[in-house]
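What follows is a group of structures, each given as structure tokens.
The same chain A turns up in both complexes below, where it pairs with chain B and then with chain C.
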Partner chain A sequence: MDKMDRALRELGQMDELAAGDSPVHRLSPWVKLLVTLGYIIAVVSFDKYALSGLLPLILYPLLVSQLSGVSLILGLRKLRLVLPLVLAVGIFNPFLDRAPLLYLGSLPVSGGVVSMLTLLLKGLLSLLASFLLVATTPIDSLCAGLRKLRVPQTMVTLLLLTYRYVGVMMEELAVMSRAYHLRAPGQKGIHYKAWGSFLGQLLLRSMDRAGELYASMRLRGFHGEFYYAPSRPCGGRDLAWLLLWLGAFALLRLVDLGALLGGLLRL
Partner chain B sequence: MHMADALLAPGVAVGMAAASAVAAGVSVWQLKKEDDPKRLPTMAVTAALVFAGQMINYTIPGTGSSGHICGGMLLSALLGPYAGFLSMIVVLAIQCFFFADGGLMALGANVWNMAFYGCFVGYFLLWRPILRGRLFSGMGAKAAGRAKIILASILGCVVSLQLGAFSVVLETSVSGITELPFGAFVALMQPIHLAIGLVEGVVTAAVLLFVYEARPELVRDVTVREGEKQKGSLRMTLVVLALAAAVIGGGLSLLASSNPDGLEWALFGNSEAGYSENMGLDEESFGIESEAAERAGSIQESSSFLPDYAFPDSDSPAGTTVSGLAGSAIVAAVALLLCLVFGFFRKRKKAKANG
Partner chain C sequence: MITLENVSFAYEPGRPVLDGISFHIAPGEAVGLIGANGAGKSTLMKVLLGLEKAEGRVMVGGEELTKESLPRVRRKLGFVLQNSDNQMFMPTVYEDMVFGPMNYGLSREEADRRVDAVLEKLGLEALKHRHNHRISGGEKRMAAIATVLAMEPEAVLMDEPTSALDPFNRRLVINTIRELGQTRVITSHDLDMILDTCSRVILLSGGRIAADGPTEEILRDKALLEAHRMELPLRWQG
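And then the complex of A and B:
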């Protein structure tokens, strides 16, 4: 089934991107995690009409993408499935909030249009920020970073194991569903009579596989937790990155840079 | 049902994250108490299964459309509520990180909407009482087990999806993101998720039945261990069922259907903006193209919003927004310049590396 193959390919693609090397890739993962969170909080906390204040925040994904060599176009392509959802919630705003908020020449622009655009931009920016985080941080480092931020060991190990198994399971699933579809040509999806046995079969297979995997992990000395490669001590560059960005977000959040620059222009 | 970051106000997101973190903390603690390291790989595999399971679309008979499962109920029936909850968190986290499905900041809210209800509400209020109760006891042990699994899966999925969908609406409305009124949003969400919940319930039941036939020991609460007292009674089960029915049938549907649709609500029901008083209209005379609507529109324009925004002066919000647009153009120019500069340097570096 090409949907599964595509998902697998996308996972592999993210792994490849994350394995790259750039100044951004080399930063401490927990610093990147915090900056991303700070960015998303700053973006989302803008007022619903604050389009001009929000726009300068585009600079963060742009700069990170340029520094890391991860293409934003690729990120946008990955987001194509999710953005309509954001649009669907905002699409009613222009109809329900029709009071003109500003005039472009003599053309009135209603509050609803501005708030819809703001909502879309917020969605886009926060999604891009998460994409850049994952595209510049391998999953092992991400887990090590989560550990450093005191996320419980159980959760982190579970995250890492599940991530590893997702690929295995999806390959298994792709094989099963391809076999199914070869035997049931011209059928969309899986017939409802086979729902239970199909997933159930996959489940039993995977449970057995988990048992084997666990046994072999125990034999290699697994005690319920992973030891991550010792991350190098947090350097001045990491701290500078953290403080500079968080400071910049706070500043951009408080000062409407877009309006300020526009004001300069008018003088 | 995955919510994006933009659909939540930070306060709401942080609140939901805190609630989910508490639930996760309790789960981690419970799991530690059980102290079974073998659980972890099993959890990971089942989580991966649910993840993969969400990729297959099932044909829904009769409609020509298809849907996929969500998985909270399935996980808690196989792993128990605590392990199930943690596994769901991991599934949602991976979807959020690697597939941009649901936002990073909204993760707490998504965990609450999709995992909490399925795992805890679904398990403790429905799955366990039904499975341990003496329902269908006239049918013989095996058949009764089967019937109980079907009932508990379908009810559990429907109830937890209804609660989840309702939470989505509640969170978005509290965040003040959408102009879509609360009632209309609820009316939009609940029926759709009733259908999805039913399908998910049927799928969950089918999978669990298969496992029950092949390896009954994997399904939770099916066989009550020797020496353990049967906790749930028939009466208890019936009470829970009645409650669930009341919640779904009475509460949510009533709420959904008794509210007027979005546009009507906005025009007539929103006393906060003072429309109904201003216009002196009643709902009967409302029609999309009627005179009343036009009048309503003009009154709305002149009475409720305008006083807040007096545009011609440069100090007004509209003035700042226009200059904001100009400023944004500057930002865009800076961004473009940035890209060009970096592109130039990268090209040069590449040229150097090649030659």
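And then the complex of A and C:
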């Protein structure tokens, strides 16, 4: 089905994005990991009403997107499946927390609305930062970076295999749904009576294939370490990137730049 | 190089897929493993690679296959899978090719040199930086063979190396196999290819060895082949 094919192509597209070349792509993967981690911690740790303090942190995804040539619009499109979840988490806040927190002109804005927007922004920024990390770092380099940060081998291997497994499963799904629809022309979706056997087959087939893939890795000497990921020595450029961003995040976290600017404007 | 002594294997108890297989393959020998669908060819390869644990003795390069010797034994063997989609798992052909050598401790420079040498030998330079999910089935098969050759194994096992190839690539694979100095074990339904690449044939049927001898002798034996659900090579048919 063309929907499946599109999903497959999107997964391949992430690999291709990550294989691109830009100043950001060239940074050492574990530095990018640390910066992304620092960013998410900074974003998440803001108070639930701290909308104004959060706003300047939008700079990070904007700048990284500029430097890497990976479009944020594309990121939003890829995140479209997860974003509603973030929305769903905050959606009830306006009903639960009605006390006015601030006034826009003479219009009272309740704490619930502010906290909903803050939550939304936190989710969006964290997701975008993760997207940019994955879009500028091949999965294998990412795993190598995780190993360098002392994440246990089993967890990293699991992550790598999950990533591959999802791809394999989607390929199988594409093949199977094509086979199904060739024999059920004009039918929308898959008839509910066939769901059970369809899912069972899908699981078995993708497990078989994933097993072969893993065997193929083991046959070529894979024991859970990532010797083969392109590992560039960590240079001054990487260190500068790390320190500058972590410094900026700390600063933005401690100083409410948004409110400060807002205050200046009001003067 | 490879010796099997009374090897038996079953996926499900009571339904043996391999039933008392014994043979010896000398270093440098090229052996064709033939048999109808379901005869147990792929299973036999999995047993040789230690992917399935069988009864009996498997010796590779003078060493018995056990849990302890498994990493050393595997290092001597290169395996081209029946389905290349399951063989290629890195984003690009190049990364797939350096995967094995670097896992075995080669430096990136050495690995790069090997990759370039193999690609040149097979005339596949254009594939080097292509993405695995963007190349055709035949190109993927060629790339899979290249990844295995880049590991410079002592013996090469190939499961259906010419299926899904166009005549040009099929010929290329045949010539490549012929020129290899390593021990080779090749399964195929393409008996003309076996005829061109192997000096000896082992015929599997119902989990047993139905015949083992010089290629010409076995592949000319119409009665024998037909008794085991096979036909003469195309070039010898009417």
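We adopt the following convention: the second predicted complex is superposed on the first by the 201 of 267 C-alpha atoms of A that agree within 3 Å, B and C clash if a C-alpha of one lies under 4 Å from a C-alpha of the other, contacts with A are read in each partner's own complex, and residues count from 1 in each chain.
Criterion: contacts are C-beta pairs under 8 Å (C-beta built on N, C-alpha and C of every residue); 3 or more make two chains touch, one makes a residue touch a chain.
Predicted model, so just to flag it, every value in this text is computed and none were measured.
Judged by the touch definition given at the top, the superposed model places A:Y165 against chain B, while chain C stays out of reach.
Touch criterion met: A:A99 reaches chain B, while chain C stays clear of it. Touch criterion not met for A:L117: it reaches neither chain B nor chain C.
By the touch criterion stated above, A:E10 is placed in contact with chain B alone, chain C being left untouched. Of the two partner chains, chain C is the only one that A:A19 touches; chain B does not reach it. In the superposed model, A:L213 makes contact with both chain B and chain C. Between chain B and chain C, the partner in contact with more residues of chain A is B. On chain A, the surface patch touched by chain B in one complex and by chain C in the other comprises residues 164, 209, 213, 217, 223. Those residues of chain A whose C-beta lies close enough to touch chain B in the complex are 1, 3-4, 7, 10-11, 14, 36-37, 40-41, 43-45, 48-49, 51-53, 55-56, 58-59, 62-63, 66-67, 69, 78-79, 81-82, 85-86, 89-90, 92-93, 95-104, 111-112, 114-115, 119-120, 122-123, 126-127, 129-131, 133-134, 142, 152, 154-155, 157-159, 161-166, 168-170, 172-173, 177, 187-192, 195-204, 206-207, 209-211, 213-214, 217, 223-224, 256-263, 265-266. Touching chain C in their complex are the following residues of chain A: 8, 12, 15-16, 18-19, 138-140, 164, 171, 209, 212-213, 215-223, 225, 227-228, 230.
Residues 2, 4-10, 13, 24-25, 28, 31-32, 37-38, 40-49, 51-53, 55-61, 64, 66, 78, 86-87, 89-91, 93-94, 96-101, 103-105, 172, 176-181, 202-203, 205-211, 214-215, 218, 262-263, 266, 297, 300-301, 304-306, 309, 311, 317-328, 330-332, 334-335, 338-339, 342-343, 346 of chain B are the ones that touch chain A when the two sit in their complex.
By the touch criterion stated above, chain C contacts chain A in their complex at residues 49, 51, 71, 74-75, 77, 79, 81, 83, 85-87, 89-92, 95, 98-100, 102-105, 108, 111, 131, 133-134, 147, 151.
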